[in-house]
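Right, one structure below, let's go through it.
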């Protein structure tokens, strides 16, 4: 076995797992066993890759042996691998949660296959170094998400997934259009090559700015940027919590990642315009998202709108285009993936034990489920960015990034929105977990207990990321440096 | 020579197109489409076959197959459409004088 | 390095982890007894530092947390830190002791209570013993959180939750502001270390970020210390169990803000704004707190407002003391006294207010009410408690011979000294300070009297009391008695504090005033002669007594302030209207209609792209490198356009489908024209299969019912879609006109056969050069098919959550 | 010719958008299909409609049209086929379960609780 | 001469497709449209053939054959749908 | 009156055979001429669709008793494993190789691993199309 191919592993392992599971749809135990083993192997391989890149620099894999820019190249830079690793790490607890919660019916209908195909798409989107291949991985991810969101075919799922699919189909078409324009102007698809070509231009090219904005819209649609996120709240609240968790944790992140990648590597021709626009939209996203969160009394909806808020934070970090901002954005991205997965699982469990998602109808849950309540509390604190939990480091770096760039208004917006996030989430704690108990007797006690472990793992991870930020920081810093200096990326890919 | 054959084919297509527009009902339009157009396309395919055969010395089985296919499917297709039209009650042009199928059907229904 | 000092700070957290275990294992013994060990041992541990700090030396121990970001857990013990550490552990011990009797082990979930309390204790120690601002902030937030949890300890009560939320929102608001302030400081100095920042304080004085940083950090301090107008959370925080009120909301946590102001004085105090802001907010709070206290009838509410007022007083003294740093030309001693007074009163306040809270707790515990309208005549029933109340209140009112008198005198001195600020010609404003201070003192006197005499004087109204009062058990009295004896001891021997604790703490606040090796001389004594201060005190007593006796005649003053204008109402209204507005706004655009969402998206799409296109002048139209146009191509283009329009406007589904088929076939034909045989083939078959699929599904779908022909609706849609089309076209034309680089595809003709062994370039690209695309494309197909299979076969009923 | 084709692609996008904005499920699904046609044509056009032989080396021409976009379009066509068929089935399942093919009927309690 | 003839033919065929499209649009009945669609399919074959002549290439011969096949499948499908309302029956009795 | 399908069915029997032969031809020819796995696969499935149109699902199922869902997995596995095969030779994922061999009867032919990959594509495409159509067709 030669090492050169190891970079395909984050894509190949879930792909093969999903495919093999297709062959044994009725054997649930076997499916679960294979899923778990694959999940663990995936994590191990990904961590290995991260460490490898830490020591040896960017790893690339020229698929089919074709030199870029002619073939497709996979580029494992630190950002991509960190995100891939986070994906695999958080997907395992969610998988465990699925075992308990998803139900035999769904399991028999390729649930785990779709799950792993989704991860295939997500990982592929992170690793690929080719803009059209990115589209393909987007589609893998999306089609898997379509089916996961409607998996089970209940009324609300069908209703919401119709909207979800529609918006995404349109955005996919726009993606193809945007690639078309980009190809017309630059004549290439490889991202490193694009960066090199565009970087060689001496002056700003107006049409490139337009194309950059079009990509902003395309990725903004996937990443739920203002004013393109309308599809999100309904669709994320529809599926079962395990699926919602993986959605909340991963899907928008791929859009954000793509913006991050393209807006640091490729579209740096007219940053005065494009990045300012991104910053403004990020700012509005923070506020609009949190307004939505405050507006709702449905715990799922509150959480779902908070997904949007995080999009604003990360993209704010992207828009400032400096070291601290990028570091902050990456930290926050990783944090948000973990904590959103945890929160979705916790809220899912909450709704399960309370028998309702309406805040006004629940109360005093903590009396019977203290572990659930306290985990939720810690998760909320982490979400808000209370130190030493994982959200804090990201937020601190984002403030620094904003201050360095002189974007004080955005910093202020972020802090205000953080406070409102706190308000929106702590309401769930105060009214749902605290308050007068409404449960007559906790009859679902035994069932619910097993649901807590996956969330506990994720919360522990969040604490670890916060307290052990020093361990993660060098990695994140490498990722940010690579993003800030496209030459590193270009050099690694094109080997010039 | 080949050019002329192509032109004839094209004109036949045009005529059938005009036929499809001008003729009064579905059944008569089928005449235009299945007969004239088929002939037209066969002319052109033949021209193509000849072109490659004579100019390049290339005998293409695919063109022959295509001609065969068009020749075989056009009547079946026409049959299907007209039957579908009749069975769903698309009326004949008011000047039509004979409708044997209807008689047959009604007779069957009565018995 | 992780030292014993770090361990001392972390110890309460570690203990907190043990508490639930102990609570379960040893349920017979009140968990508080175990907990008591923690603050007690820590108190003893910290006493050891006294000799070091009283020489103006400090101890630093650094444990790297995130050194890459300049964040290290730098434990730093100096005079100021130690003063607070002793206060935290000392009062902490007493409060835990008191709580053992106050909270019954049968009824209360003690595990939660002590976990919160220990968390708070550790956090508070962390705040006062951290040199690194980020670490300080970390602990700062944890104090807010533990305060939140303690206030909502009786979480089934609506009011507890209300108070908890309020305190959390307000303190977190301050916390976030403070965090930004800290980052701004970092921007200026490149360090989070307070010592290093203070060292470069003169350099940053004129930095444009200096003032914003100061304001933001002050916001943090003011919200935490319940300064006007952020004080509103403190009265509501009284929903917490009384030990908590005594500990967090009077003795320690609320003083974190004061600590921060004191700690950062070396950084900021050189600027005049600092002085005026701190002193100004302090004096305003002093007045407003004491004035509001009088109107309340709940003992705890009175004490809460009294705390607010006293905090303002301490802060105003710190502000005045900062003048020593701001003015380097004037006589420092005038202002240094203010700082000493602040620190002294800080300690005094902890003693008398702590004992008063505990006293109220006892009254509440024994009688079942804290309402002074129901209380009265307890003097004979609860003599010891009464004694505590008298001493505590008199000290608070500033009467001799208690420690409150001493600090009150020093306070008057400080305020009077403000009038000498005429250096910058604000003597007219300066005169306001002593006057306000004096008036506030009168109110302080009044509510102090109310506490004593309305509770213990008058007649016993047994019928109004929920339970028959007795003197409290001895255990409950220990803590207040210890405190009250301190009130007396500090009153008579103030100087046992002054050199060991106060002077070193002053050195931390005003380091630059001292020359190397020099120490402050703080002498506190009773008799200063017949000074203005003494006359002011006499005036307070005289006028205060008069007003107390005639309180019924003038209490109407309070009703002059409309309830709706209060800050409490403002807070409630903000939340209420905020939530309503959020709901309205969200409801306005989140209609659930996909059509609306798409319209927004498309409008944004066209607007922003067209704006960029024209704003950036990106529109280029050239025919330089375009392919020639021929007639049949034009006709086919027209054909495609017509068929597309037919799809658009057709009203029967068969027409829609057939014209869709025509569109697809024409597209395939374009693939023929533009020399893409593989594409043409694929497109043709796929179109046919798609049409077949549509036909299959039509079996399950209803015919198109005609859209309600609302003209406006249709026109709106049309305009939006037209705009989208135009945008696509314009960008297309411009992109086509700006071909900057040669396409990479020149590579493929040669490589296809030589390197990949295929003559069909497209196929070679598909299976070889870009085989990965193909691999995942078939995956997409596979998922789609299985998805369709699943969708049709798997039908779960209802809305399931799990 | 590129300009003409840009316009054609624009018209396809317009028609697709209009259909997508209607309320009827069938029209919406057809609309997405039309939009993807537009996108594919756009990609073809943007690659440059240079004259040259089809990208088949067997033809032994001197210059060929750009094969790369063709491969991309092929991929895109196949993907959109998969997605469209999925969407179509989703549409009719949604109709069967919710009982409406009008998107206004699919609103759900999205806005207010 | 030859090229001109072919180009004219191409235009004529394109025109006849356009004309046929009119029938698709106007109908009036579904079978009318299917007839028109069938006709368009056949004309597309012609056009593809002419394009092969214009471009002088054998690359599109498959397209021609395929079009012939698919036009038939389309017609069968449509007429079955019109007649029976169902395209593929589960089981024929 | 029950429609008489003899005409279509007779025509279909012949045509399906032609289409199938043609589709296999297209598949094998793909590397050098228009065609390949996608087109071949789609054509094969369109032949089956034609069968379904002319006859009915159950008849077609009897003729072709295949679980297409398994076929999807098999096709995917063939494609992936072809790509993974590169691992054995220490070359990047999805590297193809080809060579010219002289086989009895057929003479010199080119054999390429790309064809194996394309076979996977072919199988998936056929299986996908037929899964979709069969599932919808069965849904009543």
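As written, the chain order gives the labels A, B, C, D, E and F, with residue 1 at the start of each chain.
Quick note on the criterion: contacts are C-beta pairs under 8 Å (C-beta built on N, C-alpha and C of every residue); 3 or more make two chains touch, one makes a residue touch a chain.
A quick note: this is a predicted structure, and the numbers were derived from the prediction, not measured.
Chemist: Would you pick out the chains that touch subunit B and also touch subunit D?
Modeler: Per touch definition, common to subunit B and subunit D: E, F.
Chemist: What's the minimum number of touch steps needed to get from subunit A to subunit E?
Modeler: Graph distance in the chain contact network comes out at 2.
Chemist: Closest chain to the protein CA centroid?
Modeler: A
Chemist: Relative to subunit C, which chain's C-alpha centre is the most remote?
Modeler: Result for max centroid distance from subunit C is chain B.
Chemist: Contact counts by the stated rule: is the higher one at E-F or A-C?
Modeler: By the number of C-beta pairs in contact, the winner is A-C.
Chemist: In angstrom, rounded to a whole number, how far apart do the mean CA points of subunit A and subunit D lie?
Modeler: Here the centre of subunit D sits 27 Å away from the centre of subunit A.
Chemist: Express in whole angstrom the distance between the two chain centres, defined as the mean CA positions of subunit C and subunit F.
Modeler: That pair's centroid distance is 63 Å.
Chemist: CA centre of subunit B versus CA centre of subunit C: separation in Å?
Modeler: Chain centroid spacing, subunit B to subunit C, equals 80 Å.
Chemist: Nearest whole angstrom, what separates the Cα centre of subunit A from the Cα centre of subunit F?
Modeler: Centres of subunit A and subunit F (C-alpha means) sit 37 Å apart.
Chemist: Two or more other chains in contact with one residue: find those residues in subunit A.
Modeler: 15, 22, 63-64, 132, 136, 139, 143, 146-147, 150, 153-156, 162-163, 166, 170, 174, 177, 180-181, 183-184, 189, 233-234, 296
Chemist: Hey, what residues on subunit F touch two or more of the other chains?
Modeler: 3, 8, 15, 22, 26, 32-35, 38, 43, 46, 49, 53, 69, 72-73, 76, 80, 93-94, 96, 125, 128, 132-133, 136-138
Chemist: Out of subunit B, which residues touch more than one other chain, so two or more?
Modeler: 65, 69, 73, 76, 80, 83, 87
Chemist: Using the touch rule from the top of the page, what pairs of chains touch, sorted by label?
Modeler: A-C, A-D, A-F, B-E, B-F, C-D, C-E, C-F, D-E, D-F, E-F
Chemist: Residue numbers of subunit F touching subunit B in their complex, please.
Modeler: Residue positions touching the partner: 1, 3, 7-8, 11, 14-15, 18, 22.
Chemist: Applying the document's contact rule, which stretches of subunit E touch subunit D when the two form their complex?
Modeler: Result: residues 55, 57-60 of subunit E touch subunit D.
Chemist: For subunit C, which residues are in contact with subunit F within the complex?
Modeler: Residues 677-678, 681-682, 685-686, 688-689, 692-693, 696-697, 700, 756-760, 762-764, 766-768, 771-772, 774-775, 778-779, 781-782, 784-786, 788-789, 792-793.
Chemist: Which bits of subunit B are touching subunit F when the two form their complex?
Modeler: Residues 65, 69, 72-73, 76, 79-80, 83, 87, 105, 108-109 of subunit B touch subunit F in their complex.
Chemist: Residues of subunit D touching subunit F in their complex?
Modeler: Against subunit F, subunit D makes touches at 54, 56-58, 74, 78, 82, 85, 89.
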